[in-house]
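Paired with subunit B in one complex and with subunit C in the other, subunit A is shared by the two complexes that follow.
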Partner chain A sequence: MDINYQFLLKTFYLVLAAVPMTLNITVVSLLIATPLAFYLAVVRLRPGKYLRRLISAYVTFVRGTPIVLQILMIYSVLPSFLNSICKGFGWEINVFDWNPILYAYIVFSLNTAALLCEVFRSALGSIDKGQLEASLCAGLTSWQAYRHILIPQALVVALPNICNITVNLIKGTSLAFLMTVKDMTAVAKVAASYGYNYIEAYMDVFVAYVIVCSAVQFFFNFAENHIGKFRLIKQK
Partner chain B sequence: MLKITNIHKKYHENEVLKGVSVTVDKGDVVVILGPSGSGKTTLLRCLNFLDRADQGEMEFDEYHLQLAGASASEVRKIRQKTAFVFQNYNLFHNKTVLENVTTGLTIGRGVEKQQAIEIGRKALAKVGLADREAYYPSQLSGGQQQRVGIARAIAVQPDVILFDEPTSALDPELIGEVLAIIKQLAMEGTTMVIVTHEMRFAADVASHVIFMADGNIVEEGPPEEIFLRPKEERTRSFLRRILPPMEYNI
Partner chain C sequence: MRPFNPQFILDVLPNLLPFLWVTLAVVAGTIFFGSLLGFLLAWAKASGQPRWRSLANAYTYTIRCTPPIVLLFIIFYGLPKFCLEVFAVNINSYDKIFFVIVTFTLLFAASVSEVMRSAYEAIDRGQYEAAVSIGLTPWQAFYHIVMPQATVVALPNFGNSVINLMKEGSLAYTIGLVDLIGQGQLIIAQHYGAFALETYLALAFMYLLLTLGVEQSFLRLEHAFSQHKKAA
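Moving on, here comes the complex of A and B:
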């Protein structure tokens, strides 16, 4: 097996230059998904049958289908759908001109929201209901109780799972090339296709993902130790 | 000061409170006794809306409201006039001891931080835990945690403190330290409603004793009446089972 080291290095820089795109999709999707997921989780924990069933159906639907399929569905169905809506209202918007990254945001946000919803639900559910009662008795509103007492405790429980989801999301964004978004994987594949240097390109992408994902995991470990102070002391 | 009239509460088909009325005046120490399942804890929880009563009225100083229909802001006002000490402490796990005591002041009542810390330190000193303010609840013994729970209650200077079996989750060795503090509060004239199984303590601190069974008040009166000359057979049989024949000393 001959390895074209020059190509290997050159492509590695290309891949590194595409890291911001991968992180862009990841961060924007997380920023959209987190509040949405939190809202869904709180609704699921409250009494009220219909909304709860709707959310649970949504979660089942997202978890029960491969993300590739979700991407293909959204990327092929949504533009046509939006287009017919725009036509129906007489708006002169060409949805097919939109930057494909918008569709990437939509797919990954909807997907991550469903997964995070389950994480938040289980984390909030693991907090003893006495904590809420004690907060209310101390004169806090229920929003203040969530903000200062319940969420900080639930977050420590949820962080390892949020880390999992984030890392999976980063890796999942490699499928964005299906929507012609130029992320790390897409850039490498395009570069490889000119001279059929796929092995080198894949090695580059491999290393780049390991670096990015390790950094994220390091960050989450740090965050967990920091906000989980009150638990770590107990373990000593 | 605080008057609850004709309170009813049902869990599904199970009627837990069947028309109970309680009056608490300033400086009173009302002790509620009774076998388990008699509705004592539910009564206490209905007083500050942790459980919502199905029916009943509350008069609390200037407030006059229906227990079943009280609005969220009314509920919060009542809660700000009261404090609650839980059976299993329920300290905020993510807050230090001092923060546990000051949270109700800073976040709940908008007191300035420095002032809240001062009040909090005084409250902790009162329960003998001034040197533990930087600890987390998980680093304290059960007795110490409950003392922090009491400090958290007195820090907000409530009109009445509600105690829900404050010593039931404690080792027998640690019960004494908690009871001593409650007793001291009683002597200082703090208004309290206490649900407890500690009979000698009840006889000691109570200014008024309520004996409940099956969701009703069977008998109430000053402690010497209830403990030494109970009128109802139900009270007598309960006390006989719980207490060896005792003498009441003041």
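Moving on, here comes the complex of A and C:
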């Protein structure tokens, strides 16, 4: 099989140069999604019927439909929707000039928020209710109780799942090229199209993703051992 | 902006439905071949041979780090070239569904092998030993004693894998397979980009029904398979 090794190497550097873009989308989406997901999870654990049903419908929708469809849906509607809003207010803003990465942030945050919400809910649910009651009795405010008592315990339970979601999110960003974001896949695709070297280009992307995902998993393993320390002490 | 037209969601359904079978064929084909490959991988992982085990583990790890779309492109562009030069077989004219099923078989096998391995390990070793000690052959012990119990353990995770497969399968349109989403894109193109949201919403509802359907059927299956537990 004739593989153009020169091209393979050259494109690999190009793809590596696009890694920050992939990480950028991942990190920003996680930063937006985490507080949102946490809020949704807390609301779902509280009594109150309608809000809870709304959130669970949202979670079901996100989990039940392919992410490609979510991307296509938002990317087909949101730009012209924002444009008509701007026009309605008489603002002189051209929405179509905006960086498409904005839509990537929106899609991946909305998607991840729903998935994280489930993780946080089950993690918070795994903590005994008495912990919250005891901290409230001891005079902590509800915020303090969450900050100092519940979240540190829930985080240890949630970390493996958060790692999974992060890895899936990184893999999911390979679809950002559908929104004309210049991530690893898009860069490889453009480089390949000049000489029809698609195999080499996608091999590069494949290797780059394995490296990035391995690094992230290594980081999460480290974090889990670090945060989970108190558990190990208890077991001894 | 063109006003939203809810009626179109219903109007587009008859045009989409004939292509449901393509999506389902991809899923069914992948479940069949993927389970076979997954079974082999799980067997390699559970076997005592370190070489096979580490090979299977490395495979699973690599696949887990690979975005489905990248693997799909590698298979779509690479497999015909590979087959032509190594086996001297020209598969360029094969239907696109072939490449889609190959790709998702590779992906599905990795996740299913983990499901099968953990289910197999969840069954107490004593079950197998007891079965062998009363005179069953190792295969009989596995087939009649261990496997029925492991199936019940594996079912929920297997269902999850199938749902994931169905969602990832929607990427098939990127190499030009006309499945549900491919047909949706064609319909949108026929309307010069209009009715995009309506078409996508119709597709989303179809996928939602499919995933909920799969979830419910696996719950039913699990219930049916665990009947013997109550009797005991």
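Here, the second predicted complex is superposed on the first by the 233 of 236 C-alpha atoms of A that agree within 3 Å, B and C clash if a C-alpha of one lies under 4 Å from a C-alpha of the other, contacts with A are read in each partner's own complex, and residues count from 1 in each chain.
Simple rule for what comes next: a residue touches a chain if its C-beta (ideal position, glycine included) is under 8 Å from a C-beta of that chain, and two chains touch if they have at least 3 such contacts.
If you're wondering where the values come from, they're calculated on a predicted model, not measured in any experiment.
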Fit-or-clash call for subunit B and subunit C when the two complexes are aligned on subunit A: fit
Partner chain(s) touched by A:67 [first = subunit B, second = subunit C, both, neither]: second
When both partners are placed on the shared chain, which of subunit B and subunit C touches more of subunit A: C
Partner chain(s) touched by A:131 [first = subunit B, second = subunit C, both, neither]: first
Touching partner for A:122 - first (subunit B), second (subunit C), both, neither: neither
Partner chain(s) touched by A:152 [first = subunit B, second = subunit C, both, neither]: first
Partner chain(s) touched by A:139 [first = subunit B, second = subunit C, both, neither]: first
Touched partner set for A:214, first subunit B, second subunit C, both or neither: second
Nearest-approach distance, in Å, of subunit C Cα atoms to those of subunit B in the combined model: 26
Interfacial residue positions of subunit A with respect to subunit C in the complex: 1-2, 60-61, 63-69, 72-73, 76-77, 80-81, 83-84, 167, 171-172, 174-175, 185, 198-199, 202-203, 205-206, 209-210, 212-214
Parts of subunit A lying in touch with subunit B, wherever the complex brings them together: 128, 130-131, 133-141, 144, 148-149, 152-153, 156, 229-231, 233-234
Parts of subunit B lying in touch with subunit A, wherever the complex brings them together: 48, 50, 76, 79-80, 82-84, 86, 88, 90-95, 103-104, 107-109, 136, 138-139, 152, 156
Residues of subunit C defined as touching subunit A within the complex: 1, 62, 64-71, 73-74, 77-78, 81-82, 85-86, 166-171, 173, 181, 188, 196-197, 200-201, 203-204, 207-208, 211-212
